[in-house]
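Inspection log for the structure reproduced underneath, given as structure tokens.
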Amino acid sequence: MTSVILKVTCQDKKGLIAAVSGFISQNRGNIITLDEFVDKASNTFFMRIEWDIQDFSIAREKIAPAVAHVFASGGFGGKWELVFSDTKPRMAIFASRFDHCLWDLLLRHKAGELRCDIPVVISNHEDLLPVAEFFGVPYHVVPKTSENKFQAERKEFEILEDYQIDFVVMARYMQVLSEDFLSRYENRVINIHHSFLPAFEGAKPYHQAFERGVKIIGATAHFATVNLDKGPIIHQATLPISHQDTVDDLITKGRDIEKRVLSDGVKLYIANRVFVHGHRTIIL
Amino acid sequence: MTSVILKVTCQDKKGLIAAVSGFISQNRGNIITLDEFVDKASNTFFMRIEWDIQDFSIAREKIAPAVAHVFASGGFGGKWELVFSDTKPRMAIFASRFDHCLWDLLLRHKAGELRCDIPVVISNHEDLLPVAEFFGVPYHVVPKTSENKFQAERKEFEILEDYQIDFVVMARYMQVLSEDFLSRYENRVINIHHSFLPAFEGAKPYHQAFERGVKIIGATAHFATVNLDKGPIIHQATLPISHQDTVDDLITKGRDIEKRVLSDGVKLYIANRVFVHGHRTIIL
Amino acid sequence: MTSVILKVTCQDKKGLIAAVSGFISQNRGNIITLDEFVDKASNTFFMRIEWDIQDFSIAREKIAPAVAHVFASGGFGGKWELVFSDTKPRMAIFASRFDHCLWDLLLRHKAGELRCDIPVVISNHEDLLPVAEFFGVPYHVVPKTSENKFQAERKEFEILEDYQIDFVVMARYMQVLSEDFLSRYENRVINIHHSFLPAFEGAKPYHQAFERGVKIIGATAHFATVNLDKGPIIHQATLPISHQDTVDDLITKGRDIEKRVLSDGVKLYIANRVFVHGHRTIIL
Amino acid sequence: MTSVILKVTCQDKKGLIAAVSGFISQNRGNIITLDEFVDKASNTFFMRIEWDIQDFSIAREKIAPAVAHVFASGGFGGKWELVFSDTKPRMAIFASRFDHCLWDLLLRHKAGELRCDIPVVISNHEDLLPVAEFFGVPYHVVPKTSENKFQAERKEFEILEDYQIDFVVMARYMQVLSEDFLSRYENRVINIHHSFLPAFEGAKPYHQAFERGVKIIGATAHFATVNLDKGPIIHQATLPISHQDTVDDLITKGRDIEKRVLSDGVKLYIANRVFVHGHRTIIL
């Protein structure tokens, strides 16, 4: 079954659901799922609607113009995006030396959990080459220092373009991406922070958590932005801990939750369920 | 703001969402939320759609006939139900001697969490009268024995009718309702079972849990049916326990989860989010 | 069964467990539970040991001198404390207008979950008088303004002394206690903060959480200290939320977790399981 | 630091903690942790005590006889076991075609989370050879049919003896072990069942869960016994699900919890924290 997903963000205005569902129905499409949300403070309407196009009377390449026509004639404004279910997004993984998130993503991909392609892993170290090799994924080493950052990122852009990458996942990648990088891939770089943000922003959150004596730890999957650890949050989870846990115990327990939260966040993104609204996300 | 909720259960057929949303839009209604689900095994479509009727061009009492017309002309079949947001369902609480679920329901109601009226508490014991009194809720004692069950239920029916009750919540009510009772209030009697069903059906589930040596306990809110503890499940949750917990500890810890699961189940029901489909529920 | 609990905090030194358990055994005591922990960074030893004194050969009033002798002859130093299981600590509840934590504490107390006496509720408002009255607990109103704070606290001290209060629980009490107050009741004032500290310190944490767009909310029971929201954390828990939750929804959902976390924290304190170590707690 | 762990199961009798801790102290051992539990119904005492033997005045090989002397002279009876922290238990993994639990165990072992040796993987299929190879673990294929079960198990015994295996972990191994096998490795075979037992014993628990319409799924790590799915439970956890989850979704979500529950159960076993008491476990 091939289907198409329409993602809509616009001012809330009567008639949009009717217009879109009428358009689908008149052209013999069958709606599979429809999720919507209205943010009242900003009067913004978000919708994710998916329909089966097997019997759809509009040819695939003409669906976008037809949708444009629906929006124009209804005066709905806003922005929208069409994604066909048989085109998989292409994801690049950035990693450094910690391997748990990389393993988790590649194993879930192999198990069929992640509906995307993973054509490349980029790292500033050689350490994780064997992991990528096991899954037959090309592994590019782009070393980074404070001096060569600009050139290194140029190298990374080349790789990302060669592999026609749609979005980037930082699997405990230990380098800060530049403003230039993040603006090229706006809301398309997913990072995992090893704390329940906004607590323990910055470096060594497990050490901070230990020092503060908290009874829970957590992890946060968010879009990377120039303001470190302040990007829109996609997913979060926590885990109970106790006074018996050393910093090393927190790091060990944290690996479990980091990888799950990151993979769950990536799944939501791949399913076209994540809408960024200011510094928040709407998950439909 | 007054709104109306339309609940639909029918065969999955193209065009229903378009027909309904078109109807709403043409009459100047504004859709507030739309949730739907298709059960593929049975090809059944479920929808809960709510719209603002402030500017709706159809008078309140004519909405039902108009919706009937939409269904008839579209040939959608199935069944549907309209609920206006300003009519609160009327809930009767059945209780025995355990007070925690009763307190929880009445306190949440007082705090504005439960959008329903609670005009009466019925019990087979006098014990909980002071609780109902505190909240100014009439409390009727209907003693029950194996001999007088038939008469007792007749008495209960009278009370339920006097108070124009829409649905019943068994807040750890320790009597089994008859087939006659349950058929009169089909899918309108919510019970709480103090285990994660289907584990530990029947009596004394905490004793059973202790004996089996499980590491979790739980609670299940479900519709009461003739097959005890087999009714459609609305909500469930669990709690970790350890070898240190005695049966009494399980009972104490269990109270916490019983009352929460029951109240959460009741909230879903009141919000018109629960659809019964065979022996399962769809929660939209 | 009457038992005694010995709480020990001292430098870690060989032989302490042997000395104490030998002392108990030689005097025909039966150890019921023994929990200990060594904080390696500071080389501090914490122990909570409870023994049955039914057949104990040392009279009740002579146990403390005898324990002192064990510590002196062993050269163990540090500090220790004896608590008899048949003496219940006396807890004062401070409340303002939010009633959920007050209800929760009083209902759990009535159900036998909290092994303490609750001789008094103090509030800066009259609103919650009916709640205290229902449970037959005296309710004292001590209004507070920025001007009368000093006098108001003197009044509170009198009440606390009249009722021979051992510790104070701030059940969403909306006033800051003075340094004088907190030093008189050091590590004996338990507060609930409605966020997963250290995130969202200060006022209106649910508003802060909504603004930040987090996907979890939480609550923190901690000892009140002069540094607001920075006291040693006793217990924490979190709850998943979504973009659909308004600030009001967060407040509603948060009540559930606030009251549970506070009551769980109070239970640990009453069970003599909480040891304060710098700005952290050890829970034995 | 080398330490020794003493595990004790005996009738509850005054003086045992004093005797053991006195013995340790007199011989200049330093207690690291002490955990105990009394099962009142059966008056059974369980203890796990670990002490540093760096300065211990008794030579390593003479500790067991010395402990035996302590027990004999105290008349404590029961059974006890000594484990030195520098001897790692040797674990064999049995697997079939599902790879997630195998990956999880091997990755955690590589990350240093599992303090054991994994000298061999045994499978009835060739499929998972590459996984074992990646970690350099020998992989033996022992095909099994209902006809050759006896001979196959003899082959397995040989392998287990060749590799001097201490305990076996069934990582979604799809064959039932014989009574003979289980009696040779009594309470030394850990299995993972993909439901929150005792719900959904037997085959296809996710299909059963889907049919019943539960709102949670779970996993159970337990010792394998002749009564399938009835062995002593070591660890359990659950996960919320909804009507939207198909059986395939349950299988996917279940993998996550199965592997975590199994690895957590294995960690507890390796840490010598699991005591079997009838058909229950005590986790110290």
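Going in written order, the chains are labelled A, B, C and D, and every chain counts its residues from 1.
In this section, a contact is a pair of C-beta atoms (placed from the backbone, for glycine too) under 8 Å apart; a residue touches a chain by one contact, two chains touch by 3 or more.
Composition by chain, UniProt nomenclature: A, B, C, D = Formyltetrahydrofolate deformylase.
Predicted model, so just to flag it, every value in this text is computed and none were measured.
Traced through touching neighbours, the fewest hops from chain B to chain D number 1.
With every chain reduced to the mean of its CA atoms, the largest distance from chain A is reached by C.
With centres set at the average Cα position, the gap from chain A to chain D is 38 Å. Centre-to-centre separation of chain A and chain C, using mean CA positions: 42 Å.
Chain contacts: chain A has no residue touching two or more partner chains.
Chain D contributes residues 100, 103, 107, 111, 113, 130, 134, 252, 255-256, 260 to its touches with chain A in the complex. Looking at the complex, you find that chain B touches chain D at residues 37, 39-40, 196-200, 212-216, 218, 232-238, 240, 242-244, 246, 279-283. Chain B makes touch with chain A in their complex at residues 12, 14-15, 17-19, 21-22, 24-26, 28-36, 38.
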